[in-house]
Amino acid sequence: MDRKIGFLGMGIMGRAMAGNLARAGHEVIVYNRTVLRKEELESMGVSMAPNPRMLADQADFIIAMLTGPEAIEALIWGPEGAGAAFNGHKVFINMSTVSPRYTRELAARLAPTSVRFIDAPVSGSKKPAEDATLVILAGGRQQDVEEATPLLLTMGKKVVYCGAVGQGSMMKMAVNLLLGTMMEGLCEAATFAAKGGLAVDTFLDVVSSGPLNCALFQMKGDMIRGGEFPAQFPLKHITKDLKFVVDTAYETGAAIPAGHVLLHLYRACVARGLGDLDFAAVMEILREMGGSH
Amino acid sequence: MDRKIGFLGMGIMGRAMAGNLARAGHEVIVYNRTVLRKEELESMGVSMAPNPRMLADQADFIIAMLTGPEAIEALIWGPEGAGAAFNGHKVFINMSTVSPRYTRELAARLAPTSVRFIDAPVSGSKKPAEDATLVILAGGRQQDVEEATPLLLTMGKKVVYCGAVGQGSMMKMAVNLLLGTMMEGLCEAATFAAKGGLAVDTFLDVVSSGPLNCALFQMKGDMIRGGEFPAQFPLKHITKDLKFVVDTAYETGAAIPAGHVLLHLYRACVARGLGDLDFAAVMEILREMGGSH
Amino acid sequence: MDRKIGFLGMGIMGRAMAGNLARAGHEVIVYNRTVLRKEELESMGVSMAPNPRMLADQADFIIAMLTGPEAIEALIWGPEGAGAAFNGHKVFINMSTVSPRYTRELAARLAPTSVRFIDAPVSGSKKPAEDATLVILAGGRQQDVEEATPLLLTMGKKVVYCGAVGQGSMMKMAVNLLLGTMMEGLCEAATFAAKGGLAVDTFLDVVSSGPLNCALFQMKGDMIRGGEFPAQFPLKHITKDLKFVVDTAYETGAAIPAGHVLLHLYRACVARGLGDLDFAAVMEILREMGGSH
Amino acid sequence: MDRKIGFLGMGIMGRAMAGNLARAGHEVIVYNRTVLRKEELESMGVSMAPNPRMLADQADFIIAMLTGPEAIEALIWGPEGAGAAFNGHKVFINMSTVSPRYTRELAARLAPTSVRFIDAPVSGSKKPAEDATLVILAGGRQQDVEEATPLLLTMGKKVVYCGAVGQGSMMKMAVNLLLGTMMEGLCEAATFAAKGGLAVDTFLDVVSSGPLNCALFQMKGDMIRGGEFPAQFPLKHITKDLKFVVDTAYETGAAIPAGHVLLHLYRACVARGLGDLDFAAVMEILREMGGSH
């Protein structure tokens, strides 16, 4: 494939993903609101466009991995935005995590440009992005997704077709609802164990030995043992995602009793200044409510 | 080891566990309130005592795997109960799931008999009981647990020492709090996905591909796909365990916001007649509340 | 005061309020998307404008009592909308219940017209609207609110100044959070009493005799006794308000653990088809979850 | 009526109630585990028995107003306990707040003495006890309750017959579930208002002007305004009552989604050292979770 790829957003995820695209032999042009140093670009094997419009002008596939609607609005619809260069020969793939509703609104506004739009958020954070083992949740016309699949597979290990545009985001919400539940669940049970006089270490060992064991718990065990929560997936991000979940459930009528409790708890953590820590820091508020220090 | 083992309770779990003890070469006498057929006893390789007292008279280790306090009261303290034969040369191992509080009360009442008491509930249900891959959560004097460990390892793959008597039950509660959370969490996210127009099958696939994947979800996937919930772990049992959890948290002061929601939900399932189904049937109430049929 | 009043929205509330304005001697022109019959207008003592723009052209005060943002958008900003006639000599009073966020956005969009904007949602429903005993929760410039107060007092018994534009809506949300809590609380306690074998009638009597007694409970007692819920305040409206509350709390960081549960419960009632009943029908889902019929 | 009354328990409530009985012309003997000073007894117009048994020996009606099961066990069944003097000519009225389950167990244990047992907890705290305006919630044989009613009406303004023994306690639980909900609801809405930039004072004023106004909110308004919570009804007591509610709902199957959240919140307050403050101090944990100080 000798198609050119434009990549918007050089955060932790974006850099890793663009690097994997370049390493797979694709020509990759990137854009970021804060400029990258020349050595960084060279080490990634990519070049930098002066603005999103010129990036989109040259690219066949335009990929966005941005922090949210505000950044998408700026880079697609703002001055020198990519949207001005969109047409029916180009494919626009939004891999940023946004709500299903925003995705559908975006699709409606993109329609006049005829661009082929895919929403493709990912399951997995920094490590899977670097290792190209992300699971990519794709919504859009099936034919468009099939055409993009080889490209997507240079960034991930699996592409799951979820349905029409917006359904990639819907799947991401469903997965993150479960993610938020399991993380809080582990912390709640660990707090319960500790208050009952058990060693948290022993509790985590027991969980590891049985049918509840999973990679998430392996990754977070040391944080819970040590009480330090350096961000892998920042708590403020799961909080934002759970707000999308609550908004979506309100629209569809899905009953999410635990989801409501989780939004309440994670939001309270943000209010208490824990938003930049890893989301395992939900442990802190549970400990505090139980009167521990 | 040529010590005799007495086993009280021949339910699904008890039969599998007593069978494993006999297969390992131990002499096993059993007692059950409803009499077992001769062929059953022979196929298991065990003999039947006429009452708990005579069982305890002959045994060095007395193991109970019963449905709860009511059965324990009857078989230990009732007429011809095992308690009358307890003494300082015998070890009594309660593997039934009961609350930490009941366990400590039982310990206090057993003290005058001098029997060496271990509380050792298990993590794992029918299949691990049959395969002798249970994880055994033991509380008691460390020396007593060490002495019983070889015996316990003929029924399970791992013995975890949790602390003084009652702490085995405490650990079981902590694990089952997480178990109840994860089961409800999977069902809630699946319901959310379905109400959002996603195929539940695809959702379960995505979960299986990522860091949330665990043996529990593999076991329950087909139930959720098919909407049939034959009991592996009956919903009424997790409900009872979550009540123990809420009682224990009230005593210790542990904050369990999700635990409260879970007790409410599973108890509502029991009220609606779902108690004898597998606990994955919590899916049903979530679907109903969302207006689905 | 010989100023003319334009009133947008002739629903249950709007008719009662416009009627009170006319009865107080004001000249009132009304507009409604579905036309009112001549006799109705005459009995109210008002005349009808052909469109919102012509209404606003003639009026000094323009009052809106509409179902929500969609209707406001249409009548203010749509073709022949009132907004086109707004200027710095006119006062626009939105008495519809909308979110603080929408109110602030509306204020920003109204700024270029120089219209003096007051947000003034009301506490109270049909009966107080008819009796002119509404409590009016006003946000805006203090001077504007003071000038409008005599007019507002022909529709209500009290005007409470809540702060800058948006704070009237914020106060409405706070009051309706408490309203939703108390209604659900009464139903939950009544269900609990009934499941415990008490007569619901006796329970309501006890509540009426003590410090929890309030006009709300007096109004809803008969619904709870009889199990019929003709709408005074439709359940779908409290549901919408609680969504505003959850959205607002997410922005401000307020911790609303009960608010989350309430949104979940009322939304589930809507999903089950109870949205057009009175919000006391939250009783139904509590009864159902408890296995009663 | 020249019958003698024995009164067990001279706490804040008991003193006020026994004083009202004496003032009404009854002969009252009291007992308390810590001895009262002579002047206190004289000012109340009562005399003190050396132990509960001698008190019960002389009295026709024995009334208990104690802190809970532990005190009841000691004074009824302990050494020189009142139970030893119970017979079919005496009436025993337990006005302490205990669970319906404990009340029924107590009734079963009292049966052999033939004493006529009434459970009669009260709605109302210190002030209504002093003013003899308590609402008395009575369970027992209807004839017994009718006979005791004139006596009870010297301590309260109303006696409500709730059904068989245990139903007085059941009613008390139902009322306190609502009480706990309304108190938390007021604090949650006030916190929400404050985080939204409203003056709490204005919010309380609005509540006072409308259909949610009740004596409870009048009593607690100053605590919420001032942030000081001197105990009228200690937070640890509502916490204990809500545990009874959760236990009872678990038995009956009543769905109490808010009740679970409330137990969680009030219990967390106790864990944080707020148990001896008034239950309006639930405000504190809501403020803290919202990141306020």
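When the chains are written out, they are named A, B, C and D in that same order, and each has its own residue count from 1.
The rule is simple: a contact is a pair of C-beta atoms (placed from the backbone, for glycine too) under 8 Å apart; a residue touches a chain by one contact, two chains touch by 3 or more.
Computed from a predicted model, the values in this text were never measured in an experiment.
Any chain touching chain C that also touches chain D appears here: A, B. Centroid distances from chain D, each centroid being the mean of CA atoms, peak for A.
More C-beta pairs in contact connect the chains of A-B than those of the other pair, out of A-B and A-D. Separation between the centroids of chain A and chain D, computed from CA atoms only, is 53 Å. Centre-to-centre separation of chain A and chain B, using mean CA positions: 38 Å. Touching of two or more other chains is recorded for residues 249, 253, 255-257, 261, 264, 268, 271, 289-291 of chain D.
By the touch criterion stated above, chain D contacts chain B in their complex at residues 243, 246, 249-250, 253, 255-257, 260-261, 263-264, 267-268, 270-271. In the complex of the two chains, the chain A residues touching chain B come out as 100, 123-124, 135, 137, 157-158, 160-163, 167, 170-171, 173-175, 177-179, 181-182, 184-186, 188-199, 202-203, 205-207, 209-216, 219, 245, 248-249, 252-259, 261-262, 264-265, 286-287, 289-291. Residues 257, 268, 271-273, 285, 288-291 of chain C are the ones that touch chain B when the two sit in their complex.
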